[in-house]
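By written order: A, B, C and D. Residues from 1 in each chain.
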Amino acid sequence: MTQVAEPVSAGLVPGADYKLLVARAVRVLNSAGVMHMSGHLAVRDAGDPARIWINSRKASRSTLTAADIVPVDLGTGKRIGTGDEPPSELPIHLAVFRRRPDVAAIVHTHPEHVIALSIVDIPLMPVHLAAGFLPERAPVWDDPNIITTLERGELVADHLGAENVLVIRGHGVVVVGGTFEEAVARTVLVAENARIQVTASNLGTPRTLKGDELARAAKQMCQPIVMKKHYHYHEETARSLGGLAGIE
Amino acid sequence: MTQVAEPVSAGLVPGADYKLLVARAVRVLNSAGVMHMSGHLAVRDAGDPARIWINSRKASRSTLTAADIVPVDLGTGKRIGTGDEPPSELPIHLAVFRRRPDVAAIVHTHPEHVIALSIVDIPLMPVHLAAGFLPERAPVWDDPNIITTLERGELVADHLGAENVLVIRGHGVVVVGGTFEEAVARTVLVAENARIQVTASNLGTPRTLKGDELARAAKQMCQPIVMKKHYHYHEETARSLGGLAGIE
Amino acid sequence: MTQVAEPVSAGLVPGADYKLLVARAVRVLNSAGVMHMSGHLAVRDAGDPARIWINSRKASRSTLTAADIVPVDLGTGKRIGTGDEPPSELPIHLAVFRRRPDVAAIVHTHPEHVIALSIVDIPLMPVHLAAGFLPERAPVWDDPNIITTLERGELVADHLGAENVLVIRGHGVVVVGGTFEEAVARTVLVAENARIQVTASNLGTPRTLKGDELARAAKQMCQPIVMKKHYHYHEETARSLGGLAGIE
Amino acid sequence: MTQVAEPVSAGLVPGADYKLLVARAVRVLNSAGVMHMSGHLAVRDAGDPARIWINSRKASRSTLTAADIVPVDLGTGKRIGTGDEPPSELPIHLAVFRRRPDVAAIVHTHPEHVIALSIVDIPLMPVHLAAGFLPERAPVWDDPNIITTLERGELVADHLGAENVLVIRGHGVVVVGGTFEEAVARTVLVAENARIQVTASNLGTPRTLKGDELARAAKQMCQPIVMKKHYHYHEETARSLGGLAGIE
């Protein structure tokens, strides 16, 4: 049987081991090819709404461990206790978590095909049934520079609005989820959807998902149980490839 | 010598270990990059025409084991005994197996380049000699949503007709075979053929295989013994990469 | 030190262990991504001009061993002794070896980007300095079907002429070398050159290597010592990735 | 914790183990997919300005060890002591190190997408925020042949000028850094930036980074501490994939 300890419940109950949970999710994203040298993932603490957990600025996304996960006070924006610093773009997470109580996890990363679309002013649009969580056109923030101030973090939250994905031109994406599994699974799908959109756009004008078709895709393909299944696949795949070695 | 226990005969004789056979074939497809988080493979039981075997809805395609394979009654469409559920798109398999006595195995998966072609209304066409099992233009079902009802399963069977491959626009493919090896080998070739077709279509109008050339390719390159050889390569490759670890 | 037993000399002296040498070279090509499920490599026996050695039809290119290499009589075209059959396209090797005494090794394989170029009638042209062994336009045989008769093998040799590479439309390539290392290294470079040519051709009209530039590239980048170095890299890489495990 | 012995300081202090440091950096570049069979990396000795260290001509970039690193006298251009030869394109390093006291490390390699852009006369331009170390248009030397003489090495230095990257048409790139980590991290980013630029250029006219946006990207994303972080990621990733096995 492939059933492993259910990471999902662990992520939502108070008192979960957030350090291990976030470290594992970062490694999973890295194994899936969407984390690279400077992505980050933050998860809101279900037992303490004033706390989030994020991978440190400096730890390698390919080999970090539970000890490399940093607790941050959502109110003050400061690291809790001593240890490594959070990433410099922490303000993305602060602003979005404060604005969006429905969000339990946020990923910021830099998928190549999303960047490519953004710099030729083609919006990210759903072309893959499994990416039905995208709106007909994903919002774009037309400012490539990094987000290291709260003021710029607020602009991210403004442009994201109530959507699940924000494209930042020439820079990358912000993806949110109601669970960490959802945020991870959506991030992988955003990269895959962008690749398909690029391939199709080279050949013609893609028939993207719209209206009823998109609504059905969102309802059938993107509910939480499917996102958990996707996350489970990515975690198992990372594990089988050695991508979780030494994580504890 | 590389000769391993012949999986082919095992697949066709009554009493074969279908759980192991299907689990291995799913892992092989996953290692070959064409299964991903939500593909599925069903095989008809040679010893009991009322039974098919399919990977469960939830088990990770990268690490599933024989215990994750579900027997289903082809007549009632219900899981036999207790255990995990089959995939929600089981009706694809029910409808096609009932309609096509020549079919022993069915794969449903979501290759990126097939999806890309489908959303710019370019039919999948044979451009690679080894993909001579394709017709000059593969049939397309112009409805991207998932197939969770028998009514929609019947529409898949209608659009597939007597062909080996059906493209579902914005969604993926259904590939059938007279043996499970054939279904697996064809699925890998469909993805490869689609990549070549995309690459060529960016540069001009591809000279696809037609008429006598296609007939010769089908006859010479696609007979069962060649498909067994292809499957053997994919299985050996998966094994050498660790993709079959812990499968029993 | 990375120096391993020099495979090169072994390949050229009478009495070399051709079974091991050919098995290893096939595995190296497979690890480099250019052999896949049905490529083949034949090497002429330096100690017996009437003999060539080739990987068997059925053995998986990812896991074959020395026992899977078949000796063939160049005069009769028959397998020497008992054992597995050579590939069905053996006539390629028979015809080219008979016609070209300068050739010590021949690879037939099916690189995706070469096939893509061939079906839009763009000749393979040198765009990468390291591929200076190509002529300004590689010859093409405009017939995609397989080569299982001596008559068709002779047509391959006719179209190849005195060149090192022949493109077969919609099918693949034949690459020859004065040593097996040269044939292997050139095959990898043909695939790489085709990828670059495709990428560039999507963006404009590539400035391919011609005239004096090409002559200098051929002289400086493609002499036997460089090809040995390339082969050594590919072999070491395959070994470090586990691609040679269990070969003896 | 993922913190390993800090390679950075080691690279800058007199008496560092340059053989191990250069071997490791070459393996890291190879694991990242940008070294291939014939790239080279040279590092200036912080304790002896008359000395540089470079990987040997013949050692496989995938498996070389500290013993394969060659010291060279920057004044005479000769190997110091006995042992393997440096690469034939050593004059690139001699000329650039002599001309640029700010440069501590130089990489010469052959990324496919850089070559593709160069042969359709599209300059490499920054499209990825992390590649802000590029000028608005990277300089190009319009001569693909190899650089085996001091005269040609001087032409490389002339065309590079005060920039960090020089594209050599139909051949590859020269990338320099103030530390070896910077040279390695920039090389990976040059390849990634070129891929994104190619993808975007197929779809439209990319909005590249310019003026204030580029200046901010350079200042925020490309300072030495970020380059160290990138290098750390690449080294940890190589290690976790087995790419550093047996290096000492």
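Quick note on the criterion: a contact is a pair of C-beta atoms (placed from the backbone, for glycine too) under 8 Å apart; a residue touches a chain by one contact, two chains touch by 3 or more.
These numbers were taken from a predicted model, which means no experiment stands behind them.
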Query: At the place where copies chain A and chain D touch, is the share of residue numbers found on both sides over half (same) or under half (different)?
result: different
Mean-CA-position distance for chain D and chain A (Å): 31
Statement: Separation of the C-alpha centres, chain B versus chain D, in whole Å, is 44
- request: Scan chain C for residues touching two or more other chains and write them down.
  value: 202
Message: Going by the touch rule set out above, what shape does the chain contact graph take here: line, ring, star, complete or other?
response: ring
- request: Could you run through all the chain pairs that touch each other?
  value: A-B, A-D, B-C, C-D
Query: Which positions of chain C touch chain B when the two form their complex?
result: 36-38, 57-65, 67-68, 110, 112-113, 115-117, 119-122, 144-146, 148, 169-172, 198, 201-202, 242-243, 245
Message: Can you tell me which positions in chain D touch chain A when the two form their complex?
response: 1-2, 127-130, 192, 195-196, 199-200, 202-209, 213, 216-217, 220-221, 229-230, 232-237, 239-241
